[in-house]
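When the chains are written out, they are named A, B, C, D, E and F in that same order, and each has its own residue count from 1.
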Amino acid sequence: MSDALFASLAEVARRLRAAYQRQPGVNEASLPDRESVALLARQLLTLLFPGYFVAEPVGGARLDDFLCARLAAFEGTLLEQVARACRYQARREGGSEPEPAALRGLVAELLADLVAVRELVITDVEWAYANDPAASEREVVVLAYPSIVAVSIQRFAHRLYRRGIPLLPRMLTEHAHGRTGIDIHPGAAIDESFFIDHGTGVVIGETSRIGKRCLLYQGVGLVAWNPLARGADGELVRGAANKRHPDLEDHVTIYAGATILGGDTVVGAHSVIGGNVWLTRSVPPWSVVRLADPELVIRQRRSV
Amino acid sequence: MSDALFASLAEVARRLRAAYQRQPGVNEASLPDRESVALLARQLLTLLFPGYFVAEPVGGARLDDFLCARLAAFEGTLLEQVARACRYQARREGGSEPEPAALRGLVAELLADLVAVRELVITDVEWAYANDPAASEREVVVLAYPSIVAVSIQRFAHRLYRRGIPLLPRMLTEHAHGRTGIDIHPGAAIDESFFIDHGTGVVIGETSRIGKRCLLYQGVGLVAWNPLARGADGELVRGAANKRHPDLEDHVTIYAGATILGGDTVVGAHSVIGGNVWLTRSVPPWSVVRLADPELVIRQRRSV
Amino acid sequence: MSDALFASLAEVARRLRAAYQRQPGVNEASLPDRESVALLARQLLTLLFPGYFVAEPVGGARLDDFLCARLAAFEGTLLEQVARACRYQARREGGSEPEPAALRGLVAELLADLVAVRELVITDVEWAYANDPAASEREVVVLAYPSIVAVSIQRFAHRLYRRGIPLLPRMLTEHAHGRTGIDIHPGAAIDESFFIDHGTGVVIGETSRIGKRCLLYQGVGLVAWNPLARGADGELVRGAANKRHPDLEDHVTIYAGATILGGDTVVGAHSVIGGNVWLTRSVPPWSVVRLADPELVIRQRRSV
Amino acid sequence: MSDALFASLAEVARRLRAAYQRQPGVNEASLPDRESVALLARQLLTLLFPGYFVAEPVGGARLDDFLCARLAAFEGTLLEQVARACRYQARREGGSEPEPAALRGLVAELLADLVAVRELVITDVEWAYANDPAASEREVVVLAYPSIVAVSIQRFAHRLYRRGIPLLPRMLTEHAHGRTGIDIHPGAAIDESFFIDHGTGVVIGETSRIGKRCLLYQGVGLVAWNPLARGADGELVRGAANKRHPDLEDHVTIYAGATILGGDTVVGAHSVIGGNVWLTRSVPPWSVVRLADPELVIRQRRSV
Amino acid sequence: MSDALFASLAEVARRLRAAYQRQPGVNEASLPDRESVALLARQLLTLLFPGYFVAEPVGGARLDDFLCARLAAFEGTLLEQVARACRYQARREGGSEPEPAALRGLVAELLADLVAVRELVITDVEWAYANDPAASEREVVVLAYPSIVAVSIQRFAHRLYRRGIPLLPRMLTEHAHGRTGIDIHPGAAIDESFFIDHGTGVVIGETSRIGKRCLLYQGVGLVAWNPLARGADGELVRGAANKRHPDLEDHVTIYAGATILGGDTVVGAHSVIGGNVWLTRSVPPWSVVRLADPELVIRQRRSV
Amino acid sequence: MSDALFASLAEVARRLRAAYQRQPGVNEASLPDRESVALLARQLLTLLFPGYFVAEPVGGARLDDFLCARLAAFEGTLLEQVARACRYQARREGGSEPEPAALRGLVAELLADLVAVRELVITDVEWAYANDPAASEREVVVLAYPSIVAVSIQRFAHRLYRRGIPLLPRMLTEHAHGRTGIDIHPGAAIDESFFIDHGTGVVIGETSRIGKRCLLYQGVGLVAWNPLARGADGELVRGAANKRHPDLEDHVTIYAGATILGGDTVVGAHSVIGGNVWLTRSVPPWSVVRLADPELVIRQRRSV
């Protein structure tokens, strides 16, 4: 019996080997991997909100130990994954591989960024509490809201993005997307005090800029008008060079299901965009945009 | 070399400590945490559906052992987290900390609620099977449908909510939200036989009431008309006192993407709401509400 | 003290036992379970994309070991779960239980399917890269995009579905749904080069057929016009016999939030369907369908 | 390459299958296994000494939860392994398989034995403290002494032995032997207040009887004079029917390396046996037995 | 059915609770526990011999990360357990509980001791290699010899012992005893270059002093002549105050099974003690002590 | 506060780095490690005795899956550790590193050895059953006896030893030594049907040869007469070239605590060596060697 089983497995193995020859090939520890990035995200949230995500003693005298052990572990994971990402890019672009010292310097800067991110997420917590009548306490925002997970991870990923680290930033925000249904590209520049209520289905594009104290509901999209536009060479224009997503000025509120499109579209400060609105042009500050009640057809049904 | 690394980590540690001084501070085992709540949800589903969520022997003579060990473990997690939540509230409100005996009594009541929840979820399974042509067997509903996860957890969380336990109910339903994309506030009162097909993007607000045998599809919202309404004091009116989400009477069907808004809105029994409808006023029983086919512009494109 | 606690637990245990008598009863290792199916999905992705999902050495000489160990483990999990599913069906339908040899043969075919699935997912990666300006490298598609997770799992689940294996296919795609917010029924027939950007809220029904090189955005639904239609006997017509979801010909693009309904609806090749469109009838090849800009009401708001 | 590897593994597999045909064959879940018995021993020590072996909260109000969860888990492991052992014996002896109710009754008795064992081990702790000048505190006896591990496990295994449960008692004491170097057969009958200092190399045979307040040092053997004696049929006389190991009356002290041999040998109460003594006959109470200083040859060595 | 089970467990629980009232009671996180001490020992060996005990990357640039993370973790475990041990002693002796700052200072000194221990164990490795003809390479000493485990752990435990930390030192060496069969009391003062070959059954008492370059074989005991001697008050004289174990001067070799007894016994430098010798008095430097061949009775046996 | 902690850790780290410079240095994944060897031993025992050591399903149709997965995993661990050991030796001796193909060939031979080892251990089980009156069933020998663990691991390690693989064989037998107290050098050549009862303290040297059907008790040593003998160059003569341990012919029985010494010593077939005998010269077949009862001094002690 074993023989037939082994023969069958061997045949599958041979054919899979052949199939692995074609891109994207095999990740021979030369790229980051999803498992390690999930670990990185967990380590990040643990450091940003001690005791809220992981059950562990962090009070009083234990805080030093917590910081020492957690920072060291976070630094280790980050260094390994940043190194893989940067070496990968160097190989693709024919550049020289990054020096260990340079990588360490980069990671040291990212550790410093961690403090700045903590400062920002405090404003997010406060803004969420200020805007959700269901938030009975400030702490429940950290303990239960998906917005905190998605925005905190994006804020850190954005730091990696701005420092030119490839692959990792997007992997981090997609990890958050999988956990929350909120998809924010690491390229988006988001100012302080940002909150997304419920959140499922939100999409925020790479080149969006969002001001202070903005508030979004579930299903809102800040997206490209024509995502498939191509340059003179017929190729997609990739990345930040192609400003294709809208901007929000300060204190903008967008209700559920609304879609804002286009790289030149700017929603002026203090504006309110109603639910399900489809907006393709800029509106000045203090605008209120809403769908006129769509015509409804209502009739009485007979009993089943 | 080590020195520079340690110095850099120490600097980050010092600045993080300072940042932890600002709210929401550090959770010194005085609040629930997300990890423990995820454990609680897992223990709940394991008890509600023996053998369906976790691979373990529960058949025949093993059922007694299963019940004994699982109930004891569930009781332990629940007691710890309920105690944290209640003590937290007492501190915030200046009240006295709950007595151990009182906490035990509360948890005993919640264990009894478990049986009632099991009775209800049986009706949910039956209703799902009755309404989904893709459900080839009743068992597949328990094994594969996100609705069962989200509704079962909400039904238990609703019991905690009704008993005035803070923090935990919302953490439980947000856990379910992260797993299913279905966001039901623990405050919502849902009668027997409830089913949500597909489910991603569904939002059901704190003060909604849902009758028997209702059926929802993905992306349906039962939400507030003006979530940011404020009271006379300029503050958000928080919690159940602010009836702001709509009600469904018995046997209502709502197709994908429809949004029902407002605390006075009631969808009458046996009504059907069509896909993408945006409904802000009540409709009587046996209504059929649908979007008149929106005007479409169709033209022939030339070949690329 | 212990006594009261045990008495209370015993009472709950007795009542739960009674509640377990009613369907869906207890899964006495006679059905698959969610935990094992999650393991199966993880083993599948590990084999389809070595090194991308799990941190493990697969490079060079290690690839043989990887293949041997991983294939054997995958085969083991698959055999156990397929056997449970098939025995369950035999019991329900009064047929004879499947022979061990027949089960082994079935699993051997599924292992061979694995190679075909790998071939197809390579085209998906390429097509994703070709269509997302935010995809800076091909590898990032495998490392970060939810589409790859959802479509790869569906492609394998579809093979189980076509071979008539019950329960498992749907459990696999719902597992993917929970991770990505993308809900594709295992019955859907999807040709090569398929990509869904962002993806949250996408629903693709059991009887849809999708051509080559199609591209969908978040929130798109390919759904039934009347999911609750019943046959002459008053029963839901279940499964594939009821063609109720639309088809896409080759190279169709559908933007975010659009809904296509009905089993007779065919979107012709090279068509483009705009965001939020609600389409209930067929359109010929090279169509462009878009919502005429809905009327917007814009007014200036006064300062708060 | 894979092919050769698989072929080689398949060949080894085929030959191992053949080798498994010969006794002791394959344990098809019909016998206990070493891993489960190690778990059982761990659960036993956890219940006998809460908080000393495993880091877990057992103080104050948590003690009820601890007892409930731990007892249930212990009962589950014990039932499974006892059932396996008893069914095995029934098959070997051609008897009928034990009834589930009878097994449950047996396990209930063993749980009651647990309390009696706890009562006894308290006397062991006290006696150890009374006799070791290196024991600075009573608690250190529980926390650090191998004697407590070996004797506690033996005391429980002895209860299984007396109730006629096969296989398991010996597996439990051999597990303790592996951890401590102290090998006490489960058949040995040991009265209260027993202590073995250091312990490595101690062997106590199946038919030994040990009185109250005995004290042994490392390397002591209570063994058979002629372990290979055979009955009239030429077969070894197995088990308890063959009284072949010595007895100790109350308050006997035996120093390191001494060996006492034979089933008729009785060391009288209050006797002291010196280091390395080889004793094959009984001695009356209050005896002191010691090796006359063996003759030593001492000479001066020259420098290396 | 459940009822009977619960009732039976409840009865056992009630009786165990009663039994826990008697010493040694319940360890309410106020004492160290065996599991945590095993972790401490593992962390110690990992730091003393990077890469030899645990499979992890420590080469080149990873060494800094290794040191940072491992030292922080070791410091955390050590602090917690030292604090428990010291608070316990304070309570027993009626003293004041140790200040957090004092505990931290103590742990800082122990971390510094780690370096000194590493220096010493290097001499042990070298000495082992010099004396075992079966040691084909120096590295095999670290990878395979029990002496390295037992002596390294004792050297660190001895530092805790000298600083007056209760409980923990003995728990550490007994952990080593369980792993190796070598039982060295933490009080023993062992100079550089110490090696024990094979090791099983070796016992070295609390008040022994061992010079440089000593070599022991299995089963050697350096023990008390009369371990049960009592002071004027009839109590055992406990601890270091009672010098009751022998001393070895430099470069002493003791073959297997020899026993040296008594607190005044000194084995002079460069002496050799033969196998199984029982030595109760001092011998001058350069002595050779051996058992005259014991008389053997040899006779021819008839065939079986 | 953090600063002082980090500064203290950094100082320790710096000094440890310096201490790591001295031999045995850091194991940069270039040597085997203890953790991996423990895994290897576990994998070996699992394959030799399916279902006895690890709780897993191996019965009936599952045996193929078991063999496939377990062999592949064993092969992977073995290859990695053998490669490390061989590369290490090559570097030390200045030879060229072993070719991957050669390593694979070597491992293939070792896999084949596995079958031969299984054949041998069957004879060991039978012989143990034949000689221990406490062994009530054959299966209890596999389930509980340390001899099976120690001898099975040694038999496999001996194959590695004979093929010239460095480091690993000794690491395997020392792992067994730690678990059982039985220390058999991998170099010892042991014929079929070998059993050691109790076992603690047994030592069998590198150059011993043991015939069929031998039986040993605890504390028996087959050791060198002068382990520190040096060659003409003043160096220890290492390894197999130095025949320094005794031989046993077929069917020899040696009782507890006996020591046989010297490379020329041969115990003739069918001989019996009594407990505690110290034997330094050969004895012919059918000899019985025993200690004449040592003179005992027995006196009556007065009451305490």
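Please note the rule applied: a residue touches a chain if its C-beta (ideal position, glycine included) is under 8 Å from a C-beta of that chain, and two chains touch if they have at least 3 such contacts.
Note that the structure is predicted; figures quoted are calculated from it, not measured.
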item	value
Those chains which touch chain E and also touch chain D	A, B, C, F
Required steps from chain B to chain E (each step between touching chains, minimum)	1
Type of chain B:chain D copy interface by residue overlap (half), same or different	same
Chain whose mean Cα position lies farthest from chain A	D
Pair exhibiting more inter-chain C-beta contacts, B-C or A-D	B-C
From chain B, the most remote chain by mean C-alpha position	F
Whole-Å gap separating chain A and chain C, where each centre is the average of the chain's CA atoms	23
Geometric centre distance via CA averages, chain F-chain B, whole Å	58
Cα-centroid distance, chain C relative to chain F, in whole angstrom	53
Interface hub residues of chain E, defined as touching at least two other chains	2, 5-6, 9, 13, 17, 64-65, 67-68, 72, 75, 181, 200-201, 219, 257, 276, 291, 294
Touch-based graph of the chains, sorted into line, ring, star, complete or other	complete
Residues on chain A engaged by chain E in the complex (per definition of touch)	61, 65, 68-69, 72-73, 75-76, 79, 100
Complex contact set, residues of chain D against chain A	2-3, 6-7, 9-10, 13-14, 17
Sites on chain F touched by chain A in the complex	1-2, 5-6, 9, 64-65, 67-68
Chain D - residues contacting chain F, complex	5, 8-9, 11-13, 15-17, 19-20, 22-24, 26-37, 88, 92, 166-167, 170-171, 173-174, 177-178, 181, 183, 185, 187, 200-201, 203, 205-206, 219, 221, 223-224, 227-229, 236-239, 242, 244, 257, 259, 261, 270-272, 276-280, 283-284, 286-292, 294
Residue ranges of chain A in contact with chain B within the complex	47, 49-55, 57-60, 63-64, 67-68, 71-72, 75, 104, 108, 111-112, 114-115, 118-119, 122, 125-126, 130-146, 179-181, 197-198, 200-201, 218-219, 253, 256-257, 275-276, 291, 293-304
